[in-house]
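So, here come the structures, one by one.
Shared between the two complexes below is chain A, which has chain B as its partner in the first and chain C in the second.
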Partner chain A sequence: MSEVTKKIQEHETETIDPGIIGEESLPISSMWKDILRRFRHNRLAVIGVFIMTITIFMCISAPLFTKFDPVLDMQLMNRLLPVGSPEHILGTDDLGRDIFSRILYGGRVSLLTGLIVSIFTMIIGVFIGCISGYFGGWLDNFFMRIVDIFLAFPFLVLAIAIMAALGPSQKNIILTLVIVGWPSFARLTRGQILSLKEKEYIEASKASGFSHARIMFFHILPNALAPIIVMATLRIGGTIMSAASLNFLGLGVDSSLPEWGVMLNQARDYMTSAPHLSIFPGVAISLSVLSMNWIGDGLRDALDPRMRK
Partner chain B sequence: MSDNALLEVRDLYVQFATPEGIVPAVDGIDFDIKKGRTLAIVGESGCGKTVTALSLLKLLKSPPAKITADSIKLDGLDIYNLSPNEIRKIRGKDISMIFQEPMTSLNPVFRISKQMNEVYKTHTNLNNKQIQEACIEALRTVGVPEPEKKYVAYPHELSGGLRQRVMIAMALSSKPKLLIADEPTTALDVTVQAQILMLLRRMCQNSGMSVLLITHDFGVVADLAEDVVVMYAGKIVEFGPLNTVLYSPKHPYTKALIDSIPGLRVKRGGRLNSITGMVPNLLRLPEGCRFAPRCSQANEKCTRLQPEIEQISDQGVACFRWRELN
Partner chain C sequence: MTKYIIKRLLQTIPTLLAISFLVFSILYITPGDPVLLMLAASETSTVDPASYAAVQKDLGLDKPFFVRYVDFISKAVQGDLGRSYITNQKIFPTVMERMPATLQLTFSALLIALLISIPLGVLAAIKQGSIWDNIATFLATISVSLPGFWFGMLLIIFFALNLRLLPSFGMGDIDKGIGDVIRHLILPATALGTSLAAMLTRMTRSSMIEVLNQDYVTVARSKGLKERTVIYIHALKNALIPIITVLGAQFGSLLGGAIVTETIFAWPGVGRLAVNAIGKRDFPMIQGNTLIICTGFIMVNLIVDILYGVLDPRISFTEK
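Here is the complex of A and B:
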């Protein structure tokens, strides 16, 4: 090739090729920043976070707010004190235990149960859902039929049956709720994976020679995370409620242990004479479930890219 | 066909089992890609171009797809008989692929950096810092402006042309022996198409790799390819070096294709031809030559018997009548 033609070619490539016309860089805002911004615009979600933060803080640092032990400080002279008593702001229960302190300590159990159950159901459900959706075939059939069996039972009936078999304890409540809860996660995840695995970027990652596990968990799953996170958040609220229900039915923890459902159960006898015994644990359950649901709703809106403006 | 072939495909069949019957998407084709050269597979939609490309890497889901071949050899290594795990190691390393849709070929939830790093991590043994430098360098090579900035961007922040450049950079990162480009410019607008084609040409010249180009656009073929294979309804109808095929096509289908684009055989002011009829349904293929129902030159023999490929020096043509017609 002569010098001249070379020059001409170089000139051609230089003048036309780097001309990336009109491709100025856009302001880069990260995905999470966007999500946070949208989340903050949702008033209820922010209120939910606010309530949840205060609740969690007060439950964790319960000894700072109350000097009474929720179990041991029984003062039989001070039974059923009304709301606003000098030492006991929310009154006392039938054994003279401080209700405020029982609610704070009880919150530890309830919230922790909600969180643990939610995390474990998510892990198990997502794992099985991923494998099911990605590989399909007999594996998918096998897992999904199991899921069908679980979902065919009414939730509480199944939970009661398992609780009855395992025996009463908070650990068993957690175990039961995990056993009952994972199938809906598996189904949700599977559905997401099924639609995502046909995407071009997944084909592209297959063509790049990545392993199945890598594609499944690092390429497909992150795209499916939004609904999973939403479901997990909503599940925390639901679990608090379910755990309280099981405890209310007397299937759960020892009745001396503070737990919101247990407290409600004990308060039944005094419904008319001392309604504050049932009102406050009830309010605690409602508030925390409600705020978790608001957070979940807010997350759903924030994570949905179609809502982007 | 020749000794210096990088990829030799012999008697490749791809069939899809559908409820209506078995669809022979690729029906016994042979082709070679020579070292350092670009081979284009041209044809209408549904003629089996993409399926051919995907079957080389066994990227077709089977079932329903069933791939059979005498042999598929990459640089002497028989990749047809490799286990799924071994073929996975070839993908992205020895054979890379660029897809048609740059808009959807990048994972929307990760930054470019993460997606590029992953490819490097899988196929090279550089450390993190070297990988980052290599990525930014690769982005610069493919003509991404402000590569440092684009490196940390999300795919939705890039235009289609830029995304295709990123895809090319990723595909070339492992210095593959063969690059499969499946309609790399179809989804892009014309000015960006020209840039991407120029980029691809520059990249293959510099790296000396072979390219398998899948396209329906003779303009792209004329721009990039050195050898051409024309496919019709799952079979090869003609192959040869670019200039031979472009300027003295032997098969009536190739002629008709070329006559339907301005500027090659049809001169300014002339009338462009169109091929009448439709691509045959692969479930109900004609008995004889597959092009016969649409061929203006077909005679009774064409509708009865299937023509074999006949080789004339380095050109090949599957037609009974090519001699009388030229």
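Here is the complex of A and C:
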């Protein structure tokens, strides 16, 4: 009995082996496998993922890397220590706080802001874009006029005006950047939906009697997702930069809290005596933005079906 | 052509109205009582109800929202944007007085961006795949990711504080000669223009590569024209068309960036006025400032639209 099953198994494995069938074998790979393969071949994108992973890891587990509290550990006799001081690798700031520690803890704020804003702008923008593009008519007109108005503002100018009204806090920076950011997602999604909704498979799903919501979100949206994902990735980097700009202008968090833009703002008074205060927070911002941009570019190339061989 | 320009001008009116409505509502919902703010600025004693009511009436704050908006708009079109809560100066002249400084900065940044990006982009395109191409593309990706304000700080530390080559703050004095003005402009304009330069380099490169593959370039070459003529006269002119459109949209980010750049370099422009106004919660000033900057942005886009048609005769003005 056991011998029989063994033989059957052997037989089955034999038939699966393409070499024995004698036909030319084609590598079977799923869409996502293809995308991953293309992404991995992009050197800069891989470096981007590498930098981002390290940054996220170091910021999340900041207490493992530094024993200093970013806010409370002020030592006024150790003000403005230079880079490479014992105990303080990157030196200390004007209140004797460890810069390395402030950068790590500040990264939590910056990266989280980037992620939250990107996710919320995407959700709101995609939802409005879907409805606009799918239903058309007055709904489309209404939403797109609103989008036009938002896009008629210079981005940062509108953000600053809203920040002025809401008052300074990191929560308000997130809120502001979501308010200012969703229209570009809505426009992108709408364009994608418009080009897809006339396709035959959508007609088929309509004929099958599926609900509008099901067609919109399960049939059209998955096919429109590639450029949306790319935009969301690039938006994380863009948000880190905009949030840092707003904080740099003093419109954001309380200046005692660690945040990269806030740190640069404080560093302005010490550009002559302690230029290292200005260097490292900027390096941190640039590296995060750069790696997100590389990841985004890599994703764009990987997701673009026209490049598929 | 004239008809088209008039039509585009008329189209900007609803946009401007919508923008003014949005700006007005944003600051309408702002927490905090402007009357108290204004009284606190002028006198330190406790507020008595009579003067409170008088100031409220004076500012028109006792009226309902839409009445106030209509009031605001009808005055705004006559160039009256109200008075500052803090200094009591008229807002329109105060902002316009500072406008030339901001325009000087943004246009210099634009000029620097163009001077860097077009030669670099063309070089990268004609030597596609070479080391020059790689260097240009790599530099472009790096500079796009640099925060402008940080780059500005690095420029100050390096060129102004260490090398003492250029001044780090303020505007030049035209009385001291054009050289002084330019010396003061170099650092802020570079800081502001770099990320635009990076973006335009990438665009010039891809646009140029596309154009160089067109048939008319092959024809121009086969006629025996010099390669230089082919590239700079035949190809570049057409490669620039998409770049001009992007310039209009990017002018907005330059204006936004100018706010930050002006703060670092103590540049006496509109942006610094806005940031100072936010610190003092001077809402009419913020309102007026935002409105004027946005109007300027829309006008620039309008000019670009018209220019676009002049450069590319294929675009018909009569359509639609």
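The criterion applied here is as follows: the second predicted complex is superposed on the first by the 282 of 309 C-alpha atoms of A that agree within 3 Å, B and C clash if a C-alpha of one lies under 4 Å from a C-alpha of the other, contacts with A are read in each partner's own complex, and residues count from 1 in each chain.
By definition in this document, contacts are C-beta pairs under 8 Å (C-beta built on N, C-alpha and C of every residue); 3 or more make two chains touch, one makes a residue touch a chain.
Remember, it's a predicted structure, so these values are computed and weren't measured experimentally.
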**Q.** Partner chain in contact with A:219 - chain B first, chain C second, else both or neither
**A.** first
Q: Identify the partner contact of A:107: answer first if only chain B is touched, second if only chain C is, both if each is, neither if none is.
A: neither
(Q) If we overlay the two complexes on their shared chain A, which of chain B and chain C does A:161 touch? Say first, second, both or neither. (A) second
Q. Can A:200 be said to touch chain B (first), chain C (second), both, or neither?
A. first
Q. Between chain B (first) and chain C (second), which does A:211 come into contact with in this model arrangement: first, second, both, or neither?
A. first
Q: Once the structures are superposed on A, label A:241 by its partner contacts, choosing first (chain B), second (chain C), both or neither.
A: second
**Q.** Touch count on chain A, higher of chain B and chain C
**A.** C
Q: Considering only touches as defined above, state whether A:149 meets chain B (first), chain C (second), both or neither.
A: second
Q) Intersection of chain A residues contacting chain B with those contacting chain C? A) none
Q. Taking the complex as given, what residues does chain B use to touch chain A?
A. 57, 59, 88-93, 96-97, 99-101, 104-110, 118-119, 122-123, 143-146, 149-150, 152-154, 157, 159, 161-162, 167, 170, 191, 194-195, 198-199, 202
(Q) Which residues of chain A touch chain C once you look at their complex with the stated criterion? (A) 44, 145, 148-149, 152-167, 237, 241, 244-245, 248-251, 264, 267-268, 271-272, 275, 278-279, 281-282, 285-286, 289-290, 293-294, 297
Q. For chain C, which residues are in contact with chain A within the complex?
A. 15, 18-19, 22-23, 26-27, 29-31, 141-142, 144-151, 153-154, 156-157, 161, 251-253, 255-257, 259-260, 263-264, 274-275, 277-279, 281, 283, 286-287, 290, 293-294, 297-298
Q. Which residues of chain A touch chain B in their complex?
A. 13, 16-21, 23, 25-26, 28, 30-31, 199-201, 203-211, 218-219, 222-223, 225
